[in-house]
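This is the structure I want to talk about, given as structure tokens.
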Amino acid sequence: MTFTKPGIMRRAVGVLALGTLGLAGCAPGSDQDQGEPAVTGDVNTDGASMGDVELILWDQEVRGSQASQFTTLIDEFEDTYPNIKINRVEQSFEDLSTTLALALTDPNPPDIVQANNARNDMGAFVGAGQLLSLEPYATAYDWTERFGETVLKNSRYSSDGKLFGEGNLYGLPQAGEIVGVFYNKEKLADLGLSVPATWDDFTAALEAAKTAGETPLMLGDVEGWPAVHVFGPIQGAHVPPDEVTALGMGNPGADWTTPQNVAAAQQLADWATGGYFNQDFLGGDYDAVVEEFANGTGVFLMAGSWVGAVIDEQMGSNAGFFTPPPAQAGSPKATTGGTSLPFSVTSGSKNPDAAALFIDFITNLHAMEVLAETGNLPILHTAELAPAQGVWADVFAAFQDVSDTGYLLPYLDWATPTFGDEVLKPGLQDLMSARTTPEEFCAALQEDYAAFTAG
Amino acid sequence: MRRSPLASTRAASGSRLPRRHPGAPRRSHRNHSRPARLAVPYVFLAPALVLYGAFMLYPVGRAVHLSLFDWDGMGLGVFVGLRNYADLAADGALRASFVHAAVLMIFYCAVPLVIGVIIAAVLNRGKVRGLGFFRTVFFVPQVIAMVVVATAWAGIYAFNGPLNQTLRSLGLGFLAVDWLGSYTWALPAIGLIGTWVEIGLVTVLMLSGMAKINPELYEAARLDGAGAIREFFAVTWPCVVGETAVALTLTIVAALKTFDLVYMTTSGGPGNSTTVPSYQVYYQAFRLHDVGMAAAIGVALTALIFAVNLVVNRLADRAEA
Amino acid sequence: MISRFERTANYAILIVFAALVLVPLVNVVATALGGPASDRTGIHLENFAQAWQQARFSTYMANSVTVTLTVLAISLIVSTLAGYALGTMTFRGSTVIFYLFLLGIMVPGEAIVIPLFFDMRALGMTDTLWAVAMPQVAQSIAFGTYWMRTYFRASNRSIAEAARIDGAGPLRALWSVELPIARPALVTLIVLLFMWTWNEFLIPLVMSPTGKMRTAPLGLAFFQGQHTVDDTLMAAAAVMVALPVVGVYLFAQRHFIKGMLEGTVYE
């Protein structure tokens, strides 16, 4: 622009500025009604009597086996209740995380959403009054009977969203999740190794693989969160489980800067700088790298059970899975895991009864059978539904074992509203490329955690 | 702002074409009363002003307004004055996003300018056959949605993608790196996508400038025995300063709004090495629920665009004077 | 005279750059037509049908068409009127108003989308056609008004003057005399606005939070998130998003580039 007449330009800007000043008195948000929405009166559990209903559903069940169990269940649900139609909007986990917060602020939000348990997701939504407490439905459908409290507590928040792990129920999961180690059986055998019994055995196996010219560990961390599932198990092998749980749930009483935490961070940094990962571990795409592993690249893949189907399909009996081993052989195992993203009902839903009916339907015994048949890890009846062989047999057994005798540790990004996106994900990438020291990494995490727990 | 190849703001106000007619109707043969005639331009302008005011000017004002509050987008905002701006200046990660934008400017502005000038000079001087074809091809990246461009390039940069495959087959495998996962290369890799997009725009702009140069100037230069390079600096360059300013203005703006590209390729990583202000606006507002900060970044971005435009055009004016 | 060497060098430079421009695009098209990673041979047009269906393009393309037509229709009419007034009439405040529109060309969508989202949400208007279209209408008006004013200022005014002397009101003069000869400028403007609106990402992303008015580029982004492994389908979807704009550009390119060259800088 030729500002041959800067005076006019300045005046134009001045007009804008003046218009703004007039508004300064009125705070944003003052016109919005707050308050806890609740289901009033009796809940209806009789689908046939609900009339014609359309439910909008936002989910991230997009990977092969997850997609197939989900479409199967939706079809069955619509057959059972012809008057209720499910309008599904599926997205990747990453895209759902970024768009759900926006969608829930809408006066007409989706009816059913898959909300991450994290404080920045479910916690924030509960605090904003965007999710419906499912307590009345839990009573009506006997959900507390169906699910144990260990499962339900991951979807419990106080109604202001501040306390995590207690309070009202805001969602139900379908699948169990355990983060562990997938491995290529042939390659492990070629290295002359067996499934490691202790954490030191595991690190020795990684070193052996490296020496043999293999890629020990596969990782595709372009989205930032996959590395959390590598660090989680490492931390589980170093830090007492109750401390990890406090850190992960953002509850007070723990410390990120303990020597054990620093040692865990140090180990991840050593793995990365020592060349244990594939060369493109920072810029590689998560699913693409899982696919590469399934096609025979790399010896180990530390990832969640949800990629099991892709691996099973491609590798068949060549794939195995084990729980990250404990420091001492035979002591309880601890690793990241728990439940898949829970399904919640939004406060803005006009048909909460139908929405709750759907959630009940996709989490009942029959649904668990469908999950198992299509290559998923059902959260309930895991032992009865376990397949006899293949990588899924390993996954089911590992989940059962850790649920019964070990510790399923929370996902670390649950901790505080800013923890995952602001601190942990970029922090892990910085750590793995030696741009920060383990001490600095832990100090940054501690700062965020301490600020949050101090209130 | 829109990616406007031609939003040559300088052109508009700097028009040196004589206005052949003063414009306003001097007299009407109809029996309009004087006030009615005076109202005509305002009636014509009214719809534009109403819509533009409601969906552009008012939101800009509101952005400034929101930037003065600490607000999570849900509850009641708290007035904090200029604290969001102070936080913006103090926050290393946010400051870094502006630094990244500055780096991107090199790839979006400087590099395309150099390349675009060369191509245009070649097209213009060489009386090249197939000019229309080349011009059409060079401009194609401008018309394709960034999302598509990002998809195309993400595939090229993939570790086992065409770029690294080519390098390896040339025996340059040591150069094959994890482009989008590298602290060193991710930002330049995104920048090069920008270079690829903007070259066509610069070329077309430069061609338009060069087309207006009097051919006699070239002949005079050639009679003096000037070669291609001396001819360029003696004749061509001084005549396209105006176009250069336009090109810089547009490419700078494009460099400052790379939201879709970053969203699709790196999500800001590795670490925070490819975060940009326009990505931060979205991220702060809808992921971190810090609407005040998001608005403050948006306002700062706007101010930056205004300021850069001002500087570029001041420089161009001086160069031309 | 231009030496033989120079001529060869010129073509070499041009062909290299043309290749650099085309390679990424050809790569996408080739991937879209090819088979899956395991077997690249043959031409697989069914990729497009499959991607169309899986990416829900029936909905997203329809949204794109609706949004684009809405933005084009409103902003063309409105900015032609405004540009006509600013380009051909003298009146008090015209300079200030003109600069006000110029400011709008420079304001990034990032700055206005945040307040627009929260204000429209308060009005219950998010997720509507208007929420997605109107901010883009405002952006288009800023540019369109500037563009048409530049055109009208530079155009030959004597015809219009003649019409006026014949007793035509300003609206009729604009409609039946000015617009027919303004076609090149209008074509260029239409192509530009079409291109920007079709390609816009941030505004539909934010203004349609529940995705009812999601446009094709967003559909592609979310499809990519789910199908990173299946690059043929992704490439096919990308081609389909780009095709309408590239088609319009190639169809109109002669007028378009000419209009741009003429409309750019009057100095």
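By written order: A, B and C. Residues from 1 in each chain.
Operating definition for what follows: a residue touches a chain if its C-beta (ideal position, glycine included) is under 8 Å from a C-beta of that chain, and two chains touch if they have at least 3 such contacts.
Being a predicted model, the structure only gives us computed values, none of them experimental.
Undergrad: What is the chain whose Cα centre is as far as it gets from that of chain B?
TA: A
Undergrad: Identify the chain pair with more contacting C-beta pairs: A-C or B-C.
TA: Between B-C and A-C, contacts are more numerous in B-C.
Undergrad: Cα centroid separation between chain A and chain C, in whole Å?
TA: Roughly 39 Å separates the two chain centres.
Undergrad: What's the distance between the Cα centroids of chain B and chain C, rounded to whole Å?
TA: Centre separation, chain B to chain C: 15 Å.
Undergrad: Using the touch rule from the top of the page, what residues of chain B touch 2 or more other chains?
TA: 9-10, 12-14, 57, 60, 62, 65-66, 73, 282, 286, 291, 309 - these are the residues of chain B that touch more than one other chain.
Undergrad: Which residues belonging to chain C are in contact with no fewer than two other chains?
TA: 99-100, 102-103, 106, 117-118, 205-206, 221
Undergrad: Hey, what residues on chain A touch two or more of the other chains?
TA: 1, 5, 16, 28, 32, 94, 99, 102, 105, 285, 288 - these are the residues of chain A that touch more than one other chain.
Undergrad: Under the stated contact criterion, what part of chain A meets chain C in this complex?
TA: Touching chain C: residues 1, 5, 8-9, 11-13, 15-16, 28, 31-32, 56, 62, 89-92, 94-95, 99, 102-110, 285-288, 291 of chain A.
Undergrad: Write out the stretch or stretches of chain B touching chain A in their complex.
TA: Answer in residue numbers: 9-10, 12-14, 57-58, 60-62, 64-66, 68-69, 71-79, 93, 157-159, 177-183, 186, 249, 266-272, 282-283, 286-289, 291, 309-310, 313-314, 316-317.
Undergrad: Quick check: in the complex, which residue numbers of chain C touch chain A?
TA: 95-96, 99-100, 102-103, 106, 117-118, 121-122, 124, 126-127, 205-206, 209-211, 221-222, 225-226, 228-229
Undergrad: Touching chain B in the complex: which residues of chain A?
TA: Touching chain B: residues 1-5, 16-17, 19-20, 23-24, 27-30, 32, 34, 94, 97-99, 101-102, 105, 120, 124, 127-128, 221-224, 278-285, 288, 417-418, 421-422, 425-427, 429-430, 433, 435 of chain A.
Undergrad: Note which residues of chain B are touching chain C in the complex, please.
TA: The contact residues of chain B facing chain C are 1-17, 19-25, 28-30, 38, 40-42, 44-45, 47-49, 51-52, 54-57, 59-60, 62-63, 65-66, 73, 115, 118-119, 122-123, 125-128, 132, 134-141, 143-149, 151-153, 155-156, 162, 196, 199-200, 204-205, 207-209, 211, 228, 242-243, 246, 253, 256-257, 259-260, 263-264, 277-278, 281-282, 285-286, 291, 294-295, 297-299, 301-302, 305-306, 309.
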